[in-house]
Structure formats: C-alpha cells, structure tokens
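Structure below; questions to follow.
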Amino acid sequence: MTLEEKQDSAFKKQTRTIIFGTETRLGKWFDIVLIVCILLSVLLISIDTIESIHAEYGRAIYYAEWCFTWLFTIEYLLRVYSSLNRLSYMRSFYGVVDLLAILPSFLALLIPGANVALAFRILRLFRIFRVLKLLRYLSEGNLLLKAMVQSRRKVFIFFFSVSLIIMALSVVMYVVEGPNNGFTSIPKSMYWTIVTITTVGYGDITPQTNLGQAIASLTMLIGYSIIAIPTGILTAEISHEMVAERDLSRNLIKCSNCGGRGHVLQAQYCHHCGSQFESPSPEGKS
Amino acid sequence: MTLEEKQDSAFKKQTRTIIFGTETRLGKWFDIVLIVCILLSVLLISIDTIESIHAEYGRAIYYAEWCFTWLFTIEYLLRVYSSLNRLSYMRSFYGVVDLLAILPSFLALLIPGANVALAFRILRLFRIFRVLKLLRYLSEGNLLLKAMVQSRRKVFIFFFSVSLIIMALSVVMYVVEGPNNGFTSIPKSMYWTIVTITTVGYGDITPQTNLGQAIASLTMLIGYSIIAIPTGILTAEISHEMVAERDLSRNLIKCSNCGGRGHVLQAQYCHHCGSQFESPSPEGKS
Amino acid sequence: MTLEEKQDSAFKKQTRTIIFGTETRLGKWFDIVLIVCILLSVLLISIDTIESIHAEYGRAIYYAEWCFTWLFTIEYLLRVYSSLNRLSYMRSFYGVVDLLAILPSFLALLIPGANVALAFRILRLFRIFRVLKLLRYLSEGNLLLKAMVQSRRKVFIFFFSVSLIIMALSVVMYVVEGPNNGFTSIPKSMYWTIVTITTVGYGDITPQTNLGQAIASLTMLIGYSIIAIPTGILTAEISHEMVAERDLSRNLIKCSNCGGRGHVLQAQYCHHCGSQFESPSPEGKS
Amino acid sequence: MTLEEKQDSAFKKQTRTIIFGTETRLGKWFDIVLIVCILLSVLLISIDTIESIHAEYGRAIYYAEWCFTWLFTIEYLLRVYSSLNRLSYMRSFYGVVDLLAILPSFLALLIPGANVALAFRILRLFRIFRVLKLLRYLSEGNLLLKAMVQSRRKVFIFFFSVSLIIMALSVVMYVVEGPNNGFTSIPKSMYWTIVTITTVGYGDITPQTNLGQAIASLTMLIGYSIIAIPTGILTAEISHEMVAERDLSRNLIKCSNCGGRGHVLQAQYCHHCGSQFESPSPEGKS
C-alpha cells in the first residue's frame, strides 16, 4: 500500500484526505457540508410529494434536485478516483449507497416516478457517525451495540414465543369473531393481534362480540405485561456492561507485594498489606 | 429399561434415535425438516382463509394439506411405535399436541370447517426449543424463566391490584357516561377500561362528557405510570440473576486444604476451615 | 384488653376467631368462602347491566343479589357484635367498606338505580391480602411499596414536569388547530394531549393541519421517550431494595477477633484473620 | 455588591427578601400565594375557551383575568424595582417569562384573541421548584437530571437511528400504499410512521393493502421493541448514580493518620499513606 501511495499524485492524495478523512479541518467541513446537502435533498424530495407544494414550487424543486444529483455524482466520481482500492470501495456498503443516491435521478428520465427512490439518500446520513466518532460518540454506541449483541439470544427466544402467542390468538379470534367484523382471514386476524399486542390499537378492526372483547382484553393485558421482558433484558445487559466497564479500571491494579486486587484508582498503598505502589497505578486508567 | 432396550429391534432403535433424538446428524436434520413442514402447513392454512387465494389456489392447498396430514400421521405412528414407553408418550404434552395436529383434518370429513383448528399445529413448533438446546439457547431461556418464576408473587400482587383498579374505574365510567356513549354495560365499560389502561386505545368507545374525559385522562395517566411496575420488577430480577451468575465465578476460588468454595475475592483465609491461602486467590479472575 | 376478653362469652370468642382471624383452619375457610361470595356478587351485578342478560335472567339475579345482601348483612352484624372494640371497627377502612357493601341494596328500595353502587363491593376484595399474608406474599408487596415510597419524590417531580409539558402543548395545539378539528377548547385540547402523550391514541380527535400533525408527532416522540423515566426510577429503586436485602444478611456477621465483616452466610472462619467463629453465624439469617 | 446593598432603602431590602427569597416565612408564603394565583389564572383562561362556560361566566372571568393581570403587573414592577441588578433580571429566563405573563392581556386590547397566549403563564409555575428546594426535592431532581445528562449521547444516537428508520419506513409505505389510502405525501406518511412506531395508533390513517399491513405490523414490532432501549439506558444511568451516591458512604471511613477518604469497606491499611487502621473501619457503617 505504501508503494501505491507514493505513486499517487499530490492532488489524489489531497482529495482522499478531504473526502474520506475526518481528521483534517477541511475533511471535517467537507463531511458536514455533505450531510447538510443530503438532509436538504431528502427534505426537498419529501415535501415535493405534497400536492400543493408540488403545484407551486414543483419546477424549482426539480432544478434544485438536479443540482444535488450533479453534486453527488461529482462527489461519487471523486471518491472512486481517489480511493486506494477502487473496487473494494465500489463494493462496500457506502459505495453502493453512494451510487444508489444518484441512480434514480437518471433512471427517472427513462421511467417516470423512479425518483421517489431518491429518498433512500437518507441512508447516506449514516456517514454522520464518522464525524461523531471524533467526539467519541461511538464508544457510547459500542456499549449499546454490545448490550444488544449480548442479549440477542434472550431477545430471540422472546420474539419466538411472542410469535407463537400471536399465531394462536389470531386463530382463536378468527374463529370467535367470524369473517363479519373485519376478521376476514387469519392473516388479517394476525394483523389485528399485532396491532393489539403492541398496544398500537388503530381501531380499524375491533371485536364486536362479547367473547371477542374478552379475548381482546386478555390480549392487551398480555401485550402490556410482556413489554416488560425486552426492557428487562436490555436494561440488565446495559447495566452489566456499565458495571463491567467501571470494575475493569479497579481490577487492573494489583499489589506487587501481596498480589491483592480491588484497589480504587487513587490508591497509593495496598489496602491489604500496606506496602507502597511503585508508580501510583499508572496502567489503571482506561 | 436397559433390558427393554436390548429386546428392541435394530430398526426400532434407529427410528427412536432419529425421531426423538437431536444428538445425531440425522436426528437433527429430521427435526429441522419437521419444523419447516409445520411452518409451511400453518402458512398454507392461514393464507387459505384469504378469499381471493382460496378461490384461485383452494384446490392445490387442499391437496398439499392432505399431504402434510399423512406425513404427520406417519410420523405420529412412528413415534408411538418407537417410543420406550408408549402410554407415557401419548399422554405427554407433545403426544397430545402431535395427535391434535392431525385429528382436525380427519374430523373435517365429518364436520365441515373443523380444519381451521389445524392452525394449532403451530404448537408443535415448541419442538424448536429442542433443536435450539444444542446451541445452548435454552440456558438463556432458563435465566428468563427463573427471573419470571422469582418475580411471580410480585407480578401477581401487581395484577391483582390492577384488576381492582380496573373494576372500580369501570363502574365509575358506567355511571358517568351512561349507556348512550357505548358504555352500555359494566363488562363493556371494563373492556373500555382495559383498552385505555393498557394504552391500546382503539377509539371504538370513547367518553363524550367532560367529566368522562377527565376520568379517562386519569385512567390513561395511571396506565402510563403503572406500566413501570412490572418492568421494574422483572428488570431487577433479571439483573439479580445475572449478578448471581457472575458471582458464580467467585466460586472458582477453591481452598487447597478443605476444597471448599464460595469465597469472596479478597479472602485471605478459607472461611470453611480457617487455613490461609498460599497466594491470595490468583485463579479467581474470569 | 385481657380483662375484657375474659368477660366475653365463649360464642363471641369463637366468632371473633373465625371471622377476624386467619390462623385457624375455620377462619381461613371463612375468608376464602367470603371472597368467593364477593366475587360472585360483583360478577352478577356486572353482567346484570347487559341488556340481553337482564331481560332473561334479571329476576333470578335480583333474588340472588338479595341473598348476598342478607349474607353480608349477617356477617356485618356478627363482625360488629364480636369485635373487641366496636366503634374502632365501624370507623376503620374495612368497617366502612363492609357497610357500603350492603347499604346500596336497601337504598335501592327508596331510590331506583342506587344498586349499581354495589359494584364497589369489589373493594372488600382487599381482604384477600389478609389470607395471602399467610403465604408470606405481603413481604413482596412491602418491597414494592417501599420502592414506591422511596421514589415518590422523583415521581412527583416527573409528573409535575409532565403536567407543565401537557399544559403548554395543549395551548399550542388549541391555537394551531383552531376550534374546527375537535380542539374546541383548551380542556378538550388537554384531553387530546394526554391521549397522545400516554400513547393511548383513541383517534376521536386528530390534528388535520400540517403544522398540527408535526406538533402531534413531536408530542408522541416526547411521550414515547419520557415513559422511560418512571420506569428507570422505579427499577433502580427496586433493584436497590433487593441488593440492600441481600447485603443485609452479609454484613450482620462480624468477626469477634478482628472485627471484620463481609462474610458469606456459610462462613465458619473469618476470611480476614482466620479465627474460628464461636457459633457458626446463627444471627445472620433474616 | 455589599456597597450597593447598603445604599438600598430598608423597604427595597425588605421587598427583595420577600419577593426573591424563600428563606423567610413571608418569602415562602409569598411564593405559595403566587403559585396559587398562577394556577387559578391559567385555569380560568382554560375553561373560558369552553363555549358554554364562556357564554355564562365570560364577563366574570374577564374581570377576574384583569385582576390577575394587574396583580402580576405590580409584582413584575416590584421585582424590577427591588432586584440588585435590574437589567440582568429583565434579561433572565424568569424576567422574560414574568413579562410574557402580563403582556398578552394588554396586547389583547389592540389585537383581539391575543390573550389566549396568557396560558403560557403556566411557565411561571417553574418557580415552584424554588419553594420545593426547601424541602430538598431538588436533590432528587438533580439525580434525575444528572442521569439524563450522562445518557444524552446514548439517547442522541438512539433518536438519530430511530429518525433514519422512520424516514426509510415512510418512503416504503408511501410507495406501497399509494396516495389513495391517506398516505398522500411523504410527510403525511412520516406522520403515520411516528403514530405507529410510538404505539399511539390514532387510526386516522391505516394501511389497506395486504403488503401495507405486513409492513405496518413490522413497524409496530420495531416500535414495541426499541421502546426498551431508552428505558434501558436511563435505568442503567439512574441505577449507576444511586450506587455512586451509596458508595459515598464509603468515603466516611477516614484515615486517622493522613485524613484521606475513599477506602473500601474491607481496607486494613490506608491506601493514601499506608498506615494501618487501629480498628478495621468501625464507623464505616451507614
């Protein structure tokens, strides 16, 4: 790689630092401007679907949209040009997303209506985490992610059991309410069960018979109760991770005399045997 | 049992290992194929209740359904044949569920419409936990189950109190709103209270009077607040269980004199026999 | 008191033990039969408000209701007769509730419709906790109650802040949506805000303007987020109480030689100095 | 300042102590009366928007409202007069709120309808925390606030991710359901997604197609699951803060040699200076 890098022109190097990097001031500003552009572009596409706005500002939005498309096209080409390994960039998640962000505009010239897909530009916003990294936001996200990964098995068992409950309740409600009250099929009944058990409760399908309302009440109470389970799992995991992080800094400090552990960070003497630490716990900080 | 086992034919033994066991490769594959069959069968029965699909594919689904029924019938007979204790299998939970999974099809020949009960085949999916066991999923489920069993008394008191609150609020709303605004009876009013307190909120019955809306607001705030209680109970339990599991690592510190365990990390003397540890708990780290 | 007790007739004593006590077998059974009677009676009153059931079984329910009323009247008189201090019983919570459980029936002879108040008989069910006490359920309830009392200040601040948010949002929505879309007055707007912020969402009043829907979205996200706060408070409290309960048993055991604490319950030797405990931690159990 | 204070007249001093202070009995009562006035005034403005009440009591409320306005005007002028630094008070949060509490009444003389803004007087109620401070309520609020500040980064990442999910689902639903079923534009679709993901579920816009209902079911399950995340974060933080507060009691163990604190309960030697404790931490119990 270092050989390749040397062969790069100064311009290519500079471009790479600005576009891909976030360490330099220019690189950081580039990312911020890019994120603002993405947000503006998505906002325009969204409000353009409102009839009254489309009628009045449709033309202006159309031109603005093409500006953004050309900007993103130039940016994409620069990314491909300046990346160390072009193919690996184009195949990466961001490479595909960056292409998807401009493709629908050109496709819309052939197929009308395709440019609604432009709203998926929002996916590019995940880039924001790159900038946030500087502010050490990501370490927080890592703790969240770790807690979620740790609890994935418990959450899977939970959702599997909930699915079985939903299936069973759907069949019961389909049989009880019959096809007259909106419960026209088992999938429809399943839709109602999910609407009820998650406590959303649209009210587009509601039980009419006394028995149906009794079972519906039961369904609600089940949904109301089991909402506690994923919360409990996740909270316990996050709590666990936070304690582990805190404990880590405490157990790293070991007394060289008696081998005892469990010292607080500020300790200068072992609280087991009273011998002085050589250098006051320098490796204990995280 | 070992005597009985010896008398079994090789075929019977083989069948039992495949059908009931999950340790061999064949046994595992049998279970996975079975689960896929159950899922497919339930899916077919479910979508068959959609009018448009029944009109077009009704016949095909009917034949497919009979295929599954015969498959499950053969499987059931093989299970009965190869089980060590036939009666105890037939009376077990899975034995009854396995029978219920095929019975409605044959009953539907006599009573039309009975085959909707086939959807209860979904209960057979609990078998999935048997396969998951291999992947040590169940230990996670055990922790969840243990936390739920531990908190059963607290949850019971909670639900008992909530029931009393629901009853009282139902009567009040029935008196306040009168039979004109959908609150036609106390059970109906109870249905409304449950819809409201669980924050489902269908909107099929809503208070119309000012006083009714004030009491409804109160009901919602109660529901919104007390949702915290089961979550709090369960979270504390799960957290407790997880800490207990972590504390088990403490039990790794073993006294070289008496072999006792359960020491705290800072222990310098065994609390069983009083002998001093050579090096203070060096293998206690997890 | 002991003097008074001696003057009591044997019958009065016996009655008191059965009616008020839960320690004897008869006393326990009396309470269970009473609870079943209360449940049955409340059930009858509830279903009697359903038109179709009233039309068909109205007369039977009427007679059954009078039976329960006479039973409860006799019970009430026996309670007054056999209580050690009659006035203090009649003024106590249960004394008032017991009277309220029979009064509406007699009042209904004068004022028609008064007997709907009979449903408040449900309050008598709190007696169930008396029986449950035997099964040491109440200690669990105590932990819950203690956690709730401990967190009362935090919960108060939370609800006060939520009230201010609700008020502010109500005024904004009243101004934005105007009186045309159901937001006819600020109290009505407040009702809508509570329906929304608690995520109940009836849908009887919904914003129609674009700005109104944007503010409504904000309201929902606020409600969705702050639901975490009471849960967090309560969970932390319950967890705290549970740890405190567990830690209690650990800190009671003190070494008489070195004064060290923190021993596990099974400890027979101090893990600080290795000296043997005289009697192996007998006072450490809770 | 002390110089300035000396120059103040006795009346000005007295006024300042009563109006701004909460330590004296008069100052406390002044604040309580003020809060009651604010509550009454807001209540009047709120119920005045109800048609029937406005028709009957409109005139009386109008006069009462002017009384409150003059009271608050006098109070504002006294505050400006007696404050140590007038400009800094007028520019402070409470200074602006106090002015806003009286301005709309006078504006309403010029612009009709402006006095609805009077309801923002509710903001003045934040003053209540000043009185509560005396009852040490605020320390509890501080813990809550601290937990919220601590978890702000995690919560930000959560809301940012949820926003991206909402955007993506909105576009999908807009494409799937088309403009016929209420999903007339992407902002409208976004409103529906928020209504669904927060489990509010008005039911004013509901999916009609099978695919739409399937995606809606997924949205609900996502909303139902991720509600656990902010709860988990906040609970872990609050729990953490509470443990930290409890750990402070550890700081009660003070070394008699160097006066250092922060020892763990089992400490036998000071970890600051290495001197042995006479009796192992006897005053460390809380």
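Chains: A, B, C and D, in written order; residue numbering restarts at 1 for each.
By definition in this document, a contact is a pair of C-beta atoms (placed from the backbone, for glycine too) under 8 Å apart; a residue touches a chain by one contact, two chains touch by 3 or more.
Owing to the predicted nature of the structure, the values given are computational and were not obtained by experimental measurement.
With centres defined by CA atoms alone, the chain at the far end from chain C is A.
Per-chain CA centroids place chain B at a distance of 41 Å from chain D. A straight line joining the Cα centres of chain A and chain D is 28 Å long. Contacts with at least two other chains are made by residues 50, 187-188, 190, 199-203, 210, 227, 231, 233, 235, 237, 239, 262, 272 of chain C. Chain contact topology: the protein chains form a complete graph, every chain touching every other one.
Residues of chain B touching chain D in their complex: 50, 199-203, 210, 231, 235, 266. Interface residues of chain B facing chain C in the complex, by the touch rule stated above, are 153-154, 156-158, 160, 164, 167-168, 170-171, 174-175, 184-188, 190, 196, 199-203, 206, 210, 213-214, 216-217, 220-221, 223-225, 227-229, 231-233, 235-236, 239-240, 262-264, 266-276.
Residues of chain D that touch chain C in their complex: 42, 45-47, 49-51, 116-117, 119-120, 122-123, 125-126, 128, 132, 137, 140-141, 143-144, 147, 155, 159, 187-188, 190-191, 194-195, 197-204, 227, 230-231, 233-235, 237-239, 242, 246, 265-266, 268, 279-280, 282, 285.
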